[in-house]
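Below are two complexes that have chain A in common, paired first with chain B and then with chain C.
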Partner chain A sequence: MAGSLVQVDHFEISSAVSTVTLGGGSSGSSSTNFAINTDDIYMATYRNVYMTTDGRVPNVRLTVSGSADSNANYDNARMNLEVAAGHYDGGNNNSTSFPTIGRGTTSQESSQGMIYCYNFNSSSEYSFITWSEIVVTESPEYYDIYGGGVLTTTQATDGIQWVANSGTIANGEFTLYKVV
Partner chain B sequence: MSNLRLINETSISSSVSSISITDVFTSDFDIYKITSTGISTTGTNYVDVDMRLINSSGSVISSTSYKYSARVNLGWGASGDVKSTGNDKIYRAFGESTDQSPEVASSVIWVFNPYTSTEYTQVLYQNTQFYGGSYYTSYFGGAWLVDNQSIAGFQCIESNGSRPLASGTFRTYGLRVDK
Partner chain C sequence: MSKSNKYGYSGVDIPSQAAFANVGKFDPAEINELVQEDKWTQYGQLELIETINASGVSAVAFDDFGDYNVHLLTFNNLSKNAGGGGYISMKFSADGGSSYTGNYPQALNMAEGTNFFDIKSTNYPYGVRIGQHGDATSEPSNGYCYLYNLTDSTKYTFVTQKSSNTPNSGVGGMIFGSHAHTTAQANNYLQIKYYFSSANLTGNLSLYGIKEYE
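Let's look at the complex of A and B:
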């Protein structure tokens, strides 16, 4: 059935970790050993993601043969909307990850969202993502973020990784679906 | 089988000022997708179409515990922020505005963590509509119910009170996670 979502990987944090990887084969966080290896679109969801230290940020990288690409080739454009302030239009070229914003250390200060993954399996095209995220910071401030980004390297990527900018990710449930 | 499971499909069959979809959020899922299509109202005066949540006791939550922030893009070239730090509904979640068919509104809404009472219910929503004979708008945003209640359903409500909903279909899906 067109438009179906088929789960291919899942990981739930049971003790704090510095990274979470969906896909990436045997380097992934779960024991599934799944790697993105088809031209399909994939959708990652995450919920109840918070940190061990206030204000820390779980940024996003893509994996190449299971290893996160940390080169400064991540471009993005995004809009942050907040309940008590005007919107913020943001963008970066040549960053070492796709950005999000800091949050707190409890369920009430966490993020939920989804990331669509495009062209990951192509070694001749860039890998793209779009994301929709809803976040409560440690203050608390209430944000929803809509954005997109590209890793400007012609290489196949096989997974997506959340990486703490400092410290560890205390909690979160992460699932990857193939859109078929 | 798709991990996106259809739980409920409800259509408006007669004019109503609000419609409640109850007992769709359970402990079976943590993430839900709601689609609404073909929402119209009676008459040519357009009206906002809002959302409220319904707790597991069946009560529609109308306290000022909702927060939202959204962006509206208008077909005549304007745009703007729409936000609140405390409202009694999620403003325009189902439609920035709509009036009589064929000028309908449609939306996709994702709901996170509704049933658990230890996490806020959080919502991402996008909608698209045409109204008033010449107005096209699109809308995207996020909302929170900052209240630790177990949520089991939702309500679609027209904001005027005298321009009843005439048509529309609501589909609620649960996103299955195999652990």
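Let's look at the complex of A and C:
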């Protein structure tokens, strides 16, 4: 179907988890067993993502054959805009994940956003993402975060994983679409 | 299962149906029934709800949000005819536009040519800024917003947005950022206007729902 989003995976947290994986085949969080396996662009939406403990962070990794790549090859550049403090330009080379920021333990202190995925299916290119999200911290402080990132390993990746830096992710609704 | 014969099966247990897991042979009535129950596999999860082609109106409003958790609002050649450089904004209402309550904390970054600015407020009362505009159709804004939890009575509505503009100076610019409407309510009306003074709007706006099968 031309000109469409096609839902390929969806997962809603029903009890706290340390990771959530969209895609990744049978290692994914849902029972769909979908793995990113075409050269299309993919788009993930996520809503109401909050933690079990204030200040904890659901960072993002990519999966290779269903397993999260935790090697220190994640680069990113991002702008964090805050409602009182203004903006902060950030970036990291050779991190073990793509970063976001801590948030609270309710839907009013959660994140909503989108991640676009590029080149995931190519074994000869890096995997790139762009993301845009609004995050409310436990204070609460309101942040807009807009960034781009690349996993600098020439390998095929087949999914996205949100991983708690400590503790667990209490809530969240995650959906992955293919852009065709 | 109330029918003994369904989905092409007879004399055996009738399989349960779910989106992306339909099994059997279906007649049109069964398909319609499954569509109603959100159990029929349909591709194309970006669904147009409404397009409004506005020409010289004081406000643009959407009052049909469908059954979606995430919405996309696009605007093309959106301009106003008075008021100087400023922001056309969007507000949410839970009573059909009779009242608009609450504030809109926001964090944005804006550029005009090579000049960049932060726009930030903890209690902005004038809604979601969806673009910066001059006073002519040659100074429009083009962009999009993603809206989260718009109709959920228990949650704040959150918005991320991005647009390309030619504001009052005629210099190209952009604005992007996030907003929250810190009133948990089930919105049923969305109004876009120039809230600072009287001005008429012209432009094309479309509201889409991003379908989620659970």
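Assume the second predicted complex is superposed on the first by the 177 of 180 C-alpha atoms of A that agree within 3 Å, B and C clash if a C-alpha of one lies under 4 Å from a C-alpha of the other, contacts with A are read in each partner's own complex, and residues count from 1 in each chain.
The rule is short, and it goes like this: contacts are C-beta pairs under 8 Å (C-beta built on N, C-alpha and C of every residue); 3 or more make two chains touch, one makes a residue touch a chain.
None of these values were measured; they are calculated from a predicted model.
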Clash or fit, chain B versus chain C on superposed chain A: clash
First (chain B), second (chain C), both or neither touched by A:T32: second
Common ground on chain A, meaning residues reached by chain C in one complex and by chain B in the other: 1, 4-7, 10, 12, 45, 47-48, 79, 81-87, 107-108, 112-114, 132, 134, 136, 142-144, 146, 173, 175, 177
Complex interface listing, chain A residues touching chain C: 1, 4-7, 10, 12, 32, 45, 47-48, 79, 81-87, 107-108, 112-114, 132-134, 136, 142-144, 146, 173, 175, 177
Chain B-facing residues of chain A, complex: 1, 3-7, 10, 12, 45, 47-48, 79, 81-87, 107-108, 110, 112-114, 132, 134, 136, 142-144, 146, 173, 175, 177
Chain B to chain A touching residues, read off their complex: 1-4, 30-31, 67-71, 81, 83-85, 110, 112-113, 118-120, 122-124, 140-142, 144, 175-179
Touch list for chain C against partner chain A, complex: 20, 43-46, 69-70, 105-109, 118, 120-122, 146, 148-149, 154-156, 158-160, 162, 176-180, 182, 184, 210-214
